[in-house]
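The two complexes that follow have chain A in common; it is paired with chain B in the first and with chain C in the second.
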Partner chain A sequence: MSDVHDEFLAEAQEIIEALSRDLLFLDQAQKEGNVQPDLINEVFRGVHTLKGIAGMFGFQTLSAMAHTLEDLLDDLRLGRVDLSQEVLDVLFEGVEGFQRLLGEGADEEAVDVKDFAQSIERVSKKREGGEVTLEDLDLDESVLAVLTEYEEHRLRTNLSQGTPLYRLRVRFSLTTIDSNLEELKERAKSVAEIITYLPSVGGGDGDEIDLDVLLASDIPAIELGEVLAAGGEAELERIGRKGVGPETSHEALMPPPLEDESPGRPMPTSRPPAPVDTTPPERGAPAPQKDISADALSLRSVANTVRVDIRKLDHLMNVVGELAIVRSAVARITEKIRAREELRQLAIELHRVNRGFERHLEELQEGILDVRMVPLGQLFDKLARIIRQVAREHDKEVRLLVTGAETEVDKLIVEELSDPLMHLIRNAIDHGIESPKVRELAGKPSEGILSLNAYQKGNHVVLEIEDDGAGMNEELLVQAALRKGLIAQEAADEITAQDALELIFMPGFSTRSAITDLSGRGVGMDVVKTNINRLGGVVDVWSEHGSGTKFTITLPVTLAIISALLVRVAGRDFAIPITSVQEAILLDRAAVRTVEGREVISLRGSTLPLCRLDRLFRLLPVQSDRRFVVVCAVGQRRVGFVVDALDGQQDIVIKALGKSLSNVRGFAGATDLGDQRVALVLDAPGLLEEVLRSQELQQLGIEAHE
Partner chain B sequence: MRAFVRAALEEELGAEVMEAESGLRALRSLPAESFDLVVVDVNMPDLNGLELVSFMRKHERHASTPILLISTEAAARDREKGIALGANGFLSKPFTPDALCERARALIEGSDSG
Partner chain C sequence: MSDDPKRQTIVPASGSAAVRAPTSASMLAVPIVRELLAFVIADETYALPLRSIREILKVPPITGVPRAPKDVLGIISVRGRITTVRDLRRLLKMPESATDKHTRVLLVEAPDDEVIGLLVDRVLQVYRLDEDEVELAAVVGGDMSEHVMGVGRPRRSIRGSEEEQDEGNEEILVLLDPGPLLRRS
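Our next item is the complex of A and B:
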């Protein structure tokens, strides 16, 4: 695929993401009965741009679809069609369609445009009266009577573009009116379009005159007021629409300051600022057509950002790793030089230079890591769309609460998290949150709460997905597991509440006899767990019957560099990601017991199964008086890996093992330790899972077939 | 445009012409002066002509001062509004000096007799 093509895809993806975010805001606003015209216009502009670039790159279906959607949006922004939930459904459907058309391997037939056009037709019930009319504006008839056609047009245009209109009341002395006016114009120049001046007779003595200045401005009212008043006396009033509720605010400007009128956003995820036309609107001359400038801007994109393929960053990271090896090679050579008396001074200099090199290398590494970080908000926005859709499909009322959307995680992790999170969320709505009726019967508010919380905790990012739904019934879980032969009766008898909950992560587990279309996409909770483990993360579950369920996912901040515990087993180096390590202890040989053919030790009162890595990897054991146990944990489960020696902690860059070794299990990759030593990096969660599973299978008397 | 109107009125009618560069400037001189005729372009900087007409009609001194509104051919709605607000006549751009003077004379005489 060509670069230009990639560029298009990235650009389109960005637009679609922004669209879906704006639609969610619109959805919330519509429910609250407070639809912001600028938001509709934002969506319109996005679709308009998408249509343009799709056409340019030959994506005919996408372009055609955007075109039909654009028509609907045009009607919406000009007030010809009212924004309803049905209309929003179609808008969301459109965004889904765009996404499908851009998806990997999608062809032009991925979406039936005719079908879509019909959906649009269905909701485009045009309102009587047609266009945006100024009569709707809360303006006096006497004002409308003196507006020229052009001024009316400017008002209408601003109105349809969603630019708020204001009336600024100023009092000028007749003798200084010229200079006063010039000053006002100068101040307004960059922040507002002055549409007209309306003199009002009054003022009494004739030396002064009150002027009502009609203007349109996109900047918050409070700011606008400050700029225009500039310490003088002025009164700014938002011109609302008749019968659209208490949108007008009428407050004296100086003092007290006006309230910011920007609407409260329904979610704490931040909406990035819309591209702003940096050229100040020319007054007098026709104002710049925003649609056109939006196109131009979007193609130039936001001037000071670049999009980079994550693989390129991976490559850079590898180069940094190579440089680190060069550095230690130089250090070794320096040592050799130092040994020669006559070159001692040279060696000291070289050493100093090499230290500087090392420092910059670290900076470079940190810089690359930083570039890879993206806020989780991106993912949350996508999820919010799905939540809305799923909730509507299942007639459930769900309110999404998001915190920590600004928390940053490695881009790769965010991408890999998408599917597991989606599954958890579908589950929460499908199985967790009850229908409004059931909730009311249970004495809960009909609207269920789904919370997505993210926060950083040391080197980890914690993600919580919590619902206040029905919760899980442990007994039912155990019964289901028994029925499916996943656990033995004896195990079931002694199972703890927490272990019962963990049953949902077992392969082949599903509490419902019929898998609904929601959760059943061929993935179960076991896949969710596996995916998260693969990211070096763990997932824990908490649930209380009747009051809700919470999944807590703990993830490393980045995959590119991890902190690892270096160990030696049978004379070889291995690295264990520190995220999985709980502690390392000296192995007390006398304390090892054998339970059902398995070595275990007792660790602070609980039983810890052991796994001898030399045996596991079929390496020739070396004689050693002292061995260590590295206690690794995944969620609630623990295994002690027995190693010969501990070799300290080190930040490592994991490199993939390559295609030919991709089937080898138990390893996350290899790493260069910098002094010509290579260590295999253990896939601790995977390994642990496997060890425990084979143990369980043994307990059940089933031959381990792995 | 102003120079053109001024020249026509001075030469053809021998009128004494006072000029205002913008609607607001006109607004400033209006309260203190009396005129036989005020020629107003709809599209002026700042204050538009319609606003000026409206303002004059609310002002006692200019409640009946004849007003000639100048507008473009296309802006029929502006003309209608102007008349509704109290302008006495209108002239579409482009016009000849003769046409202007004819309309001006008619308006001045009309107000004299009425």
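Our next item is the complex of A and C:
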């Protein structure tokens, strides 16, 4: 797949994530009856951009879908359609569809655009009438003529809500207009909604320009003037109705009742003023001055970050690995030099330099690991979307409480966590949190609470998924396990409450029928556990019948997932990191020769020293007709490790051996192969070094001291 | 190590029901000097402070580690955590024996924040010994090893019922100190 294509996917993914987040805010705002116009604008812009880039890269379905959604958003923006839960459903559905279309292996048919267009059709019944005319406003016709449809809409909305409108006349120098505007925007942020900037009819002279800023604000004019002027020169004037003084009662401007059957938009009595972005997208051609400043502003807001393909970081990490090998080679040479009496001083200096090198290398490694860290909030946003959807599907009222969204973990862990977390959350809503009626009967608030908590604890990140639902009934769990023959009667008799809860993690426990019987949870909990274990994490469960369930996931902050070749030696499993393996061949016993007591074979014209791992590790060799040679290479040096069998390649997580084994050489760690099997991971470069060194020493006639 | 109640709850996670009792008992007003978990190795009774025991496991498959010290049996995965298992018989220089259905692995908090698995022949029960039931090594003196904290002489019999107890057959618990016992060799 081409880089350009990847670039598109990455960008699209980012837009979709931002969209989901904004939709959630919008959802919240809608419920509170306080929808901020800039939020809708934000969503509109995201969808618009997505449409553009999708079209450019030939994602026709995606582009078409974005187009229909954009129309709906435009209607929302301009107040032609009211934001309702139904409309939000369609918006969420749209984002979900984008996600599916971008998914791996998704084809253009993954989403039915026609279907989607119909959904949009259904919700976008435009409201009719009820418009407040702007003609009556005491604004110059030339001003009204250049307003965009959006700006007109905002003026009307403010009028109909009875928010006083103002005209602020400011004089800016042409050279500093950008920063002046930015300052003004900043000052206005909390007190007023800026609707537009227009060059004053009077115009400016020379290097200066007069701007008319139209704004709406609820705070008293005197205060507003003070905030906006803030030491500068500015003139604030209330915009009244033509022929009437500014003290006109607002009732006169209220729209007539709506003829639409949709319930009227909630009309908050006091609407907090909202800042409006100065870049209204693609709507006619407003005043030129405005365009210039808007462009300048958007240029400045480019974030101070870069997007990097995770594989590039993996590559850097590998380079660090190579450097570590160089370092140990230098250390080896240093030892040789030190053996020469007259060069001892030189060896000491070299040693010191190498130590410095080592320190910097460690810093580099830490730096790269740090770059890979992303906040868990990214994942939480995605989950919040699902929570909303699942809750609506099941007619549950669920409030999500999130803490620790800023907690950082390795990007790879975040990716791998999303499925298990999704499972846990679906279960929590599906089977944990009761329906509002049941909750009320149980004396709980009808709205269930689902908490996602993350925090760092030493070298680990802890994630809690907690609900205040029905909890699990241990007795029913034990009965189900008995029925399925997962545990024996004797075990069931003496099972502890905690062990009973852990039954849910047993393979085969979780089936559809089990959940209906238990009204508990259990869809693929064994899979959840396995996935988390594979990440080097652990999952614990706590539950109290009637009051809720909590899953606690403990994960390492960083991950070392590597690809490894699994081999068997003397009846044991070992893993060899694939980065060290050149090839694996069948051992041709007839081709083995002995050179100075060492076994070697000839591989494509060069001599390959062999090392029998069972002998190296002093294990009792097993009888075998066929053996294999795993050719490992570090730089130019190669050794063939003789093993009994090859068990294929697998991605594994390397876990450190306990401190009590830190003196044991030859192993990079261990890995969990599942079903209680643990394999040691060979430190291939270390072993190779060891084998070759003992050989060199032998050639020099010195006894190996190990 | 703390007396945090959370710690207590994880002790019996998959252990025997016997370990569960002290959680509530420790709330009684009676001053309890030491809570100990007693177990048997080569027919002798030993005990470790209950606070230092995280969990009691049935023996899982143990992966041997070549080149490891002799008392290391290997490594196991405890819910995804790689844990070193050491043979208490070998640590105490006792003859080896095969494992049977009573054999257990105690997960013990060792120095350096490491949790170590210790293979024991059989787990007995939890003891709460009053001050006058414990003789500290410092008081006893003599040739005791560094890893022996002292000796416990419970007034009530360990294994049998009351009638088995008589003056000449007093039970003795050897109290082990996990620190020196598990310090890196």
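In this section, the second predicted complex is superposed on the first by the 373 of 706 C-alpha atoms of A that agree within 3 Å, B and C clash if a C-alpha of one lies under 4 Å from a C-alpha of the other, contacts with A are read in each partner's own complex, and residues count from 1 in each chain.
In the analysis below, a residue touches a chain if its C-beta (ideal position, glycine included) is under 8 Å from a C-beta of that chain, and two chains touch if they have at least 3 such contacts.
Only a predicted model underlies this, so the values are computations on that prediction, with no experimental measurement involved.
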| item | value |
| --- | --- |
| Contacts of A:677 with chain B and chain C, given as first, second, both or neither | second |
| Touching partner for A:369 - first (chain B), second (chain C), both, neither | neither |
| Partner chain in contact with A:178 - chain B first, chain C second, else both or neither | first |
| First (chain B), second (chain C), both or neither touched by A:386 | neither |
| Chain B versus chain C, judged by how many residues of chain A each one touches | C |
| First (chain B), second (chain C), both or neither touched by A:134 | neither |
| Which superposed partner A:347 touches (first chain B, second chain C, both, neither) | neither |
| First (chain B), second (chain C), both or neither touched by A:146 | first |
| Chain A-touching residues of chain B, taken from the complex the two chains share | 23-25, 27-28, 31, 42-43, 45-51, 53-55, 58-59, 75, 77-78, 81, 84-85 |
| Chain C to chain A touching residues, read off their complex | 12-14, 17, 20, 60-61, 63-68, 72, 75-77, 79-84, 86, 110, 112, 114-116, 182, 184 |
| In the complex with chain B, residue positions of chain A that touch it | 142, 145-151, 174, 177-178, 181, 196-199, 201, 206, 209, 284 |
| Touch list for chain A against partner chain C, complex | 494, 496, 498-499, 502, 532-533, 536-538, 572-573, 617-619, 655-667, 669-670, 672, 676-680 |
